[in-house]
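Letters are used for the chains, namely A, B, C and D, taken in the order the chains are written, and counting of residues starts over at 1 for each.
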Amino acid sequence: MPALAFKTCFRVVWADTDAAQVVHYSNYFRFFERAEEEFYRQLGFTFTDRAEKGLWFPRVEAFCQYKKPARFNDLLEVELSIEEFKEKSIKYGFKILNKETAVLLAIGHVTVVAADKRTGKATVIPQEIVEKLKRFSE
Amino acid sequence: MPALAFKTCFRVVWADTDAAQVVHYSNYFRFFERAEEEFYRQLGFTFTDRAEKGLWFPRVEAFCQYKKPARFNDLLEVELSIEEFKEKSIKYGFKILNKETAVLLAIGHVTVVAADKRTGKATVIPQEIVEKLKRFSE
Amino acid sequence: MPALAFKTCFRVVWADTDAAQVVHYSNYFRFFERAEEEFYRQLGFTFTDRAEKGLWFPRVEAFCQYKKPARFNDLLEVELSIEEFKEKSIKYGFKILNKETAVLLAIGHVTVVAADKRTGKATVIPQEIVEKLKRFSE
Amino acid sequence: MPALAFKTCFRVVWADTDAAQVVHYSNYFRFFERAEEEFYRQLGFTFTDRAEKGLWFPRVEAFCQYKKPARFNDLLEVELSIEEFKEKSIKYGFKILNKETAVLLAIGHVTVVAADKRTGKATVIPQEIVEKLKRFSE
């Protein structure tokens, strides 16, 4: 069975753009993160629970390749998949497409590590989170 | 003796701009705040001390009038003055000028309240901070 | 007949927050603008048309009063209304509420001026736009 | 002769941080770009000239590895070097250190392509720019 991907759509707002009249390159990383947040939300993670458990997901690596520019008012589709799933870290892959034209705008990845909020140290991802993420990674 | 004003300069960076090829209107509030931070730094406030005392300065009001656009690579001069100084709050006035042409770009104000970090409640501004701020408010 | 208000909802994302673990004060202005963009979209303005007519809506004034902090993952309701409607300018009023608790978080306004893209000068708002906006202003 | 590196310092401002009380991961890319802008400025590029020649430097790839968090008020040193210098593109390498502790916070790279503003197509980097950049690339 192929791994599932999670898809979500965002509209490019004026504040995302820069003087080249395209989305500023740093904002693609904000789109990646926002897709990740919606992914957790859809899986039923309440962020309060995560906070109570004292769990963070700090980023240790981020990458983006820019294919075509996104512009104000474009509707973007962001596709998230799990590229690597380890005991203490997850590597999320991302694709951003123009939803109306289906043109691929960017691809990238972000690696997050589960960390204990108090100690700051990497920690094993809790089993109940592993269960929910598993079907997106095989 | 007239009140003193504090001045600092910032260069407009590419990420400050939007698709109208001018600085995004929300970023003027970031310039205001950054001037305020440099003002505290010049007065010798160590932010660690403030944190240890459990003091925040949340904003309760912000205003900006936009006169002329600022553009990429412009050198801005931000002038901060104290417009009102109360027991628990400070109203900072701001002017932003193009440093090279002396053209006035924006005026505004921001009101901050001293607050206890733990309770979130408004609190009297500590006397040693009052002393340092006084000569900016005559 | 009372004037209509336009409402839209946004989720607070991680990138909206600052080290006080609340939404950064400048980002309320981005919420205001985003509500305005959705308002235009709902009225059927195609941004391409506006660009072809060479029309901008630069901001000349912005104001916000902060009542209660918004936090990561909060669902916000932004309400837009027309507070003043002149020949060449519109003053939009905004309220931001926590959608789940109905607590008022912020109120503000933004005044925009219709401007010719080429000359940069203020210009009369085109009649077809006036028609669409009218029912929100009386 | 070893290649030269360009160094510049930035103070972390409040607006750079997020609710984890560290610099938001997307903002490292803004630091990279800001260092690149100061590098061009120091080399004597006037951005007006570049605009007149109709030259852009769109980003085609960006990468960052996060080693240690940067926090509000930290003084950062950003080091820029040229990792690859081709006919139409430049790969800039970046290191970000805490200036006071000399701790390495992040490393990364950004690849930019010279592009004609009107056509959007990749173009050969003008010889006078090549001359100025050369001593940073060998």
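We adopt the following convention: a residue touches a chain if its C-beta (ideal position, glycine included) is under 8 Å from a C-beta of that chain, and two chains touch if they have at least 3 such contacts.
Because the structure is a prediction, the values reported are computed rather than measured.
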Reference chain C; chain at largest CA-centroid distance: D
Centroid spacing, where centroids are CA-atom means, of chain C and chain D in whole angstrom: 34
Euclidean distance of C-alpha centroids - chain A vs chain C, Å: 28
Of all residues in chain C, the ones touching two or more other chains: 14-15, 22, 26, 30, 33, 72
Chain-level touch network, classified as line, ring, star, complete or other: complete
Residues of chain B touching chain C in the complex: 20, 22, 25-27, 29-30, 33, 56, 58-66, 69
Chain A to chain C touching residues, read off their complex: 11, 13-15, 30, 33-34, 37, 41, 47, 72-73
Chain B-facing residues of chain A, complex: 14-15, 17-19, 21-22, 24, 26, 71-72
